[in-house]
Every structure is written in C-alpha cells, then in structure tokens.
Amino acid sequence: MPPAKPIIRVTVWSEFRHEKKNPKVAAHYPQGMHQTIAEALGKHADLAVRTATLDEPDHGLTDEVLDQTDVLTWWGHMAHGEVSDAIVAKVRTRVLEGMGLIVLHSGHYSKIFKALMGDTCSLTWREATDKERLWVVNPAHPIVQGIGPYFEIPAEEMYGEPFGIPTPDELIFISWFTGGEVFRSGATWRRGNGNIFYFRPGHETYPTYHHPQVQLVIANGVRWAFSGLRIKDTCLNAKALEPLPVDPEANARSNTGHK
Amino acid sequence: MPPAKPIIRVTVWSEFRHEKKNPKVAAHYPQGMHQTIAEALGKHADLAVRTATLDEPDHGLTDEVLDQTDVLTWWGHMAHGEVSDAIVAKVRTRVLEGMGLIVLHSGHYSKIFKALMGDTCSLTWREATDKERLWVVNPAHPIVQGIGPYFEIPAEEMYGEPFGIPTPDELIFISWFTGGEVFRSGATWRRGNGNIFYFRPGHETYPTYHHPQVQLVIANGVRWAFSGLRIKDTCLNAKALEPLPVDPEANARSNTGHK
Amino acid sequence: MPPAKPIIRVTVWSEFRHEKKNPKVAAHYPQGMHQTIAEALGKHADLAVRTATLDEPDHGLTDEVLDQTDVLTWWGHMAHGEVSDAIVAKVRTRVLEGMGLIVLHSGHYSKIFKALMGDTCSLTWREATDKERLWVVNPAHPIVQGIGPYFEIPAEEMYGEPFGIPTPDELIFISWFTGGEVFRSGATWRRGNGNIFYFRPGHETYPTYHHPQVQLVIANGVRWAFSGLRIKDTCLNAKALEPLPVDPEANARSNTGHK
Amino acid sequence: MPPAKPIIRVTVWSEFRHEKKNPKVAAHYPQGMHQTIAEALGKHADLAVRTATLDEPDHGLTDEVLDQTDVLTWWGHMAHGEVSDAIVAKVRTRVLEGMGLIVLHSGHYSKIFKALMGDTCSLTWREATDKERLWVVNPAHPIVQGIGPYFEIPAEEMYGEPFGIPTPDELIFISWFTGGEVFRSGATWRRGNGNIFYFRPGHETYPTYHHPQVQLVIANGVRWAFSGLRIKDTCLNAKALEPLPVDPEANARSNTGHK
C-alpha cells in the first residue's frame, strides 16, 4: 500500500488594506482577500492553512509561523513600502532554504519578489473592461491539471508585456486581454531550494479569488511549490573545503588521452 | 579601425506551389514568396542572397548550394511530404554543423523543423479576419532591434496555443489575435552548432512578406542565426579518447577534502 | 486525512544482449540488467514493475504493455539499430501523450532519445580505470532527495563533454572523472506531455546498477517523470478552430490605449 | 561593402587592494589586475578600454564614466562590503538599461552580482595545488570561439558545486579540478536589457589574467555582452496605458470558435 501524501502547511499573506478603505473591494472580500483564498485552500484535505496580514505584529510572519510554513502565498499592492526589510530578509532566507512562494498579481512589485528575481519586474497595466483569457502553454504541468486549454475571467485589470522578469524556468500561462495585450501570467523559478510561482490574476476591485479555476490553480501551485526541504548549509553559505595534501604529480594524471 | 562585418550568404527556400495554383496568392507574390523575401534581404549590404524551391533538382539544395549557405530560411505548407528525406538529412547535418535556420509560418510542420525539435510542433489555427499584434517580450534581443514594443499585421491566419515545442532557449514574440488567442510567435533554439529561429507570420493568402517590420525581423533573424561555423567533429560524432594508463592510485587522490 | 500516493506502473526495458555474450557482464547481471533494475524499483511500495527486452515479440512493448506503462526506463547499446522503427514511433507517441521516459547510459544514442532530442546526442568516451563522482547541482530537485552533495561510483566508463543535447530544462548532476573530464550526467526535458530524464551511469562491464545511490536516483526519477497523463488531442495534432463570423470592426477595438 | 563593427567602450573595474597588501599578488600584477586585463583587451581594435578602482572617488564609476561604458567587467573579493550601495544601485540600473556586465571569479559574492541574481551565489572552495580544466559545453557560442574543446590553467583556486545561481540562460564552461570537484565556470543571464556573463577563473595569487585563453574568453565575453542599448522606458518602469472606452460587447467577440 503506497504511503499517504504529506500534509502541506500554507500561510496566506495579504496586505488587508484595500478591503478596509474601499467599499468596492470590501463588497467582494468582507473578511479580506486572504480569507477567501484561505477558505478555498482549506477545502483540500492535504492543505493546512493559516493567514497573516501586514498590520499584525511582524506582519504575522514571526519565526514560529515561518518555521511552520511549507508554502507562503503573497498578495500586496498599495503598501509594498511598509513591509519591513527585516521580515523580507527572513522570508527570503526561508525561500532559499526550501519554502515555496506563490506571488499573486500586484505582488510582482513586492520587495520579496523583486529581491528574488533581481530584475525590474515592471509591466504595463490598465484598469478597464477587459476580459482575461488565460491560455495553458504547458499542458502537462502539475499546476494546470484540471484546467482545460484555457479559462476566462470576465473582468480583470490588464497587465501587459514586456514583463521585466528573468527567463522563467517554466512558462505556464499566457493571458489574452480584450484591449489587445498579452502577458506571461503564470511562470516558475527556483532560487536556492525554493520553488516560486507567479500567478497574475487578482485585482482587488474584482471578485477574482472567488473564481473556481483561479482557486484551483493556486491550490495546484501550492502543491507544486512544496519541497518539504529546509536545507541550511548546502546552498546558503559558501564553504571552504579542507586543504588537499600537496601532490605535484596529481595534475599530470589527467594529461593522457587528450591532444 | 575596427574590422568590417562579415558578408552573410543566405538561401531563401520556398515550396513555390500555392503561388502557381491560387490566384489569390499569386496576386500578392507573382514571382513567389521567396522572391519577395529575397528582395527584402538583398537590400542589406551585409547579406548575399539566393533562392531555391521545391521543384528544382534536389529542391535547389545541392551540396554546392549548401556549402555556400550560412543561413537558410524555410517556408513550406501544402507539400511538406514531397521534400525528400535525403535532402532533409543533409540540411539537418548542415544545421548541426553550424548553418543558421529561419523557419517561417507553416514551416512549423516541415520535416526539418520537426526533426530538429523532436516534439509535436502542433498548434491550433483559423483563417478568418483576425488582426495579429506581435508583442516583443525580450526587448534587448538582436532580432527585435528597430521594432517598437509591438507591431501589427492587419489580417493574418491565427495560430494558437498550445504550440507543441520544446522550451525555447529564448522567447522573443508573443502574438495577440482578435478572436481571443495567443501564440509564442518568435522563439529560438540551438541544435548542435546551429542557431534556429521560428517566426510565425506569413500565411500565403495575405501580403505579409511585404510588411516592412516582418522583413526587418527576418533580416535581424538572419544576422542573429549566423555563426560562421562549420564544425564537423566536435558535435556530430561520438569520439573515443585514448586509453589512460592503469593507475590504481589516481582515484584515491580526490578523496581528501570531502567528508 | 490526505489521499494516498498513486501506484506508478513502470516498465524496465533493456537490450539483454551483452549479458548473453560477455561473461564479464553476465557475472554482474546473470538475469540481465533489467532484472537488477526492476528488483531495486520493486522494493518501493508505490511502484509496480515489469520488464521488457529486445528479443521478445514487439521487443516486449505491445500496445497492451504500453497502455499499462506510466514510466518506461530504457537501456540499449550494441543493438540500437535492431529496434524497430514502428516500435520507436509508438513509444515516441506514448511519451508525447504523457508517459515518462528514463534514458540510461548508452541509451543516449538510442533511436527514441535521438528522435525526442533532435540533436546529435554525441559525446566522448573512454573505458579505463576512471572513478566517477556525480555532483548534485540542483539540490532541491526531487530526483536527488536522499543523495548528499555528491556520490561516487568506484569504476565506470567515462563520458565527456561536449554532450550534443538541447539545453536541458533542468540540469541535475555533473560528473567528474579521474582522467580529467566532466559530463552533464543528469538532465531533464519535456516533450509534448512527457517528462524525460537522462541519467548517465551504467556501463555493462561494471556492477553500477547494484549501487544503492544509482538505484535511488532511478526510483526518484521514475516518480518525478510520472504525470498520470494520457492526453491525445491537445498536443499531438494540430486543430482547426471554428470560423469566426466576419466582423470588420472587431480589430479596431484594440487600437485604443496604445500609441 | 558591409558596415564596420562598432567600437565597444569597456570599463575594467577592480578592487585593487590585494595587490597593495600581498607581495605574492603584486608579483603577478604590479600595476593591479585591472591593468593586466585592460592591456589584454586594449589589443583588440574594436575595444576602447578604461579602468576604475575601489579607492577612486565614486569607485571610479561616476555618471560620466557609466554614461560612456558599454560593458563593465567586475573583480572584487576582500572589500565587497566597502562598495557603496548608491554606486551599486547606479550600476544595476545601467545594466537593466542595457550595459553589459562581466563578473569575474570572487565577484560571485559582489553586491552587484547578488542583486542581479536574487540567489545565494554561494559555492565551495579550496586554495591548493589544483589544476583547472575548463570544458566548453556550448561549442558554437561566440564566447568560446578560438578556444578548443577545453583549456587548462595549471594552478588555480578550486570553486565547487553547488553554485547557488538561477538556471543560466546559457551554460558555456564546466570546470574540472584535480581534487575531485566540478563547477559551472562560465554562464550567462539577461536582466532587463543587460547581458551578464560570469567567468570563474582569476584568483589573485595566481597569474591567471596573463593566460592567453583567459584573456580571449574575456574579450569574446565583452563583445557578446555588448548590446549598444540604453533603453530607459520599456523595462525599468511600469507604465499605465490609457483607459479604453467602455465597450460591453467587445469581450463577447472572442467567444466564437471555442468550446
């Protein structure tokens, strides 16, 4: 009998500011976007979910919470600058050790995503009446299982190319927008031991995180990003190896066989 | 004083069948698509251009022609199956040795492209009233210099994802189509020593190869694909190295310094 | 309670010729290399293993067997040319539909690997007294879990760069050899829906497939390559979409917002 | 007659500290490593070379110098922490706009390389009697033209895997060391519009930058990294597009042709 799948501990992080200031946002997410995302993930038997938000102490990301987080999801927008550099540094270290990271929508400009990408992370955008159609360009990838060739979001903010990101390890989705733009809306990278998935949808003024296929992609993304690892020594710190004994003839041995 | 740029010898290959059978195609390309492409390339002082077509002996791709070809462009559609396997094998060998290859539009299903990709090379398509807008997703790439953030073709056949290709070494263009589709319409790979660029536009019933920005991309692509190489021995054939003298102690020397 | 992991059906394919002809090989593998590999995989509760060899009817790869194979491992060397093109075509189709493929050692020159890579697949080699030390360059990858920073094989055939392969999607191992060579000895690619893992060790005159870490890497590779997919229509065949109704104004709608 | 190649303006940056403190280093580089590198580059008719060092005002990297730099080479080691964050930010911006960057040896831990990679950039090392043999794994790449299948440095510091870098866009060299290690010693990435090449050799206590093949690789690297670009607006800053007029029917137009 095969072993059971592991339980994955997920922390859903969000700014939770727009919801308090903008009635339009609050109408979609009265308890905050993080609650909607957390509830959707919590329906899966293999996911154990908690939430954390900007205005909690340590933004809700204490050492204890991070120690118990296998995968972190991140939504931020208006208050990127208020996220403490010390917390960003901790989260970055944890990603490099093996924690998975799902970056959502305007999180493309978060401190943590920019620090891990090393690139501009810029894009073009427009808030209008666009429909977004997300095409799957990597049909065998675990993140798109259960999604057909594409899925649609009836109204969303438009994000357009050029998206200032390093070449993704894997490109998953490309979005089409009514107004004439395209965007690499799902992509993955590895940094240190950490798996990172960027997923575009989720502007605060639309009910996007109630969309069943958006929820499915995030759940699949969490499972994909899970490594179970916390490797501190092989990747984070340069390591001096013990000196070799001096052997002037050792180098000569590789000289045969080549011309 | 810096040296001059090299002259690049280009062979523009085309089926040249649709033009003879379909008046709609002949109206755009009375001398054949290859002539339109060759004339556009020939305006550049560093490109020396010839053409070759399916119905010439050896499809116009004799050893002499291939020996004098630095970069080959390929357009085919209705007669992929009539291209001789022996000629395809020769072209493939020449690419692996270092000849550049530009595959155009329906060439995605040519024998040579499929042989070099090892993938399905499939896609979806529709011939209708679509406009194609090609977005540059790699703005610093040599192939898109002189192109702005995007360019448009007023009417083209639609090609849609999923495009059954290996992960590109470089993704250059993503196309938007009026009807709601996207496509990775410019991408590069290296096989052996050969640089390969796939460029989507160019359905025979539209005047696409008269479009100045399509012409510029092809010229840029030729320069990018040029390697000047013809390396026969390092990549094509496995090579046995001379035996090493038996030295039972040699392996032990790498045992220090690691635990 | 989380669901159980799926059972993965593995078919271990091998030429099974050297073992019959060369007593040195038979001494290591009296029942054939495939039996040694199959027994090692069979110890894992989530793997259901069968074998197939060249001299069985259809090389042991009937439609029925392929229909029940989630992941295929492939070892061949002296008889690549005797593998039927029809069987190779079937295996290739099955990989493109989603079957995983693990290519071992001299399988780099098998028809199936060359067809899927589209490259030369060439390398240099030497049979001597080399030790092989395989360094993990992707420590978080599932294929290397349980392997430390590196592992060693006391004596192996040397394979050296340049290895004529497309840029791997993921590079897993780089080997060091006593005689002065290096080799990308573990690498992955996706073709269609199929995950492919090439793993270098396994020359027939050494007891390599009895090595516990080689066995672990192959088991990890099988789990990594498993997709559970058999998708016939999205990737294998180009598909025409239904015509759009003519709408001369549709294209104009994307003209706003850009300059 | 084809046009002449462009003149490339190179700035060779170095810490220039070890040379002043350690007689062993000064013996190899009495004027500093930067002078040796600059002299080697200056022999090429298409390269116009200047130098800059840590202890000059603004580390020698004033706005005027950066404005006139197409490609920057970077060597640092003992004083990474003394490089001003403001200068690093300027250099990073200039790379993202299109300046090429060649990072040498211990520059793997420089602020600028770490900022652009977003990864640990860690490795293992040992200063001993190792010979380094650098194997070319990408024989058609412009950076290795004129280099054979490999070249050797008789004595160098060892750097070993795992090297904590993002998946390279292109892998160029893999090094073999006498003591039993391997290393991805030549690799490229693009960030924004800037081409980045990391090249491993060059420990200060060895005469590595006098080695003719090391010099050739750096010159080839400079030419490869040159883009001629200084694009400020497409990649660096997110851009809002003009609002689209409200058109409730526009989204409906993409609904035909798909099911």
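Think of it as A, B, C and D in the order they're written, each chain with its own count starting at 1.
As a working rule, a contact is a pair of C-beta atoms (placed from the backbone, for glycine too) under 8 Å apart; a residue touches a chain by one contact, two chains touch by 3 or more.
Every value quoted in this text rests on a predicted model; they were computed, and no experiment measured them.
Novice: Look at all chain centres (mean of CA atoms) and spot the one farthest from the centre of chain B.
Specialist: Taking each chain's C-alpha mean as its centre, the farthest from chain B is A.
Novice: Which option, B-C, A-C or A-B, should count as the same interface as C-D once over half of the contact pairs match?
Specialist: Overlap exceeds half of the contact pairs only for A-B.
Novice: Looking only at C-beta pairs that count as contacts, which pair of chains has more of them, A-B or A-D?
Specialist: A-D
Novice: I'd like to verify one number: the distance from the centre of chain A to the centre of chain D, where each centre is the average of its C-alpha atoms, in whole angstrom.
Specialist: Inter-chain centre distance comes to 28 Å.
Novice: Whole-Å distance, chain A centre to chain B centre, using C-alpha means?
Specialist: Result: the chain centres lie 35 Å from each other.
Novice: Enumerate the residues of chain C that touch no fewer than two other chains.
Specialist: 126, 128, 133, 138-139, 149, 160, 162, 167, 169-170, 176, 178-181, 190, 192, 234-235, 241-244, 247, 250, 253-254, 256-258
Novice: Using the touch definition up top, name the residues of chain C that touch chain D in the complex.
Specialist: 133, 135-139, 149, 160-163, 167, 170-171, 174-177, 180-182, 184, 241-245, 247, 250, 253, 256-258
Novice: Where on chain A does chain C make contact in their complex?
Specialist: Where chain A meets chain C, its residues are 1-7, 45-46, 98, 126, 128, 138-140, 149, 169-170, 178-180, 190, 192-195, 227, 229, 231, 234-235, 253-258.
Novice: Touching residues of chain D toward chain A in the complex: what are they?
Specialist: Against chain A, chain D makes touches at 96, 109, 115-120, 122-131, 133, 150, 154, 158, 160, 162, 164, 166-167, 169, 176, 178-179, 181, 189-192, 234-244, 246-248, 250-251, 254, 258.
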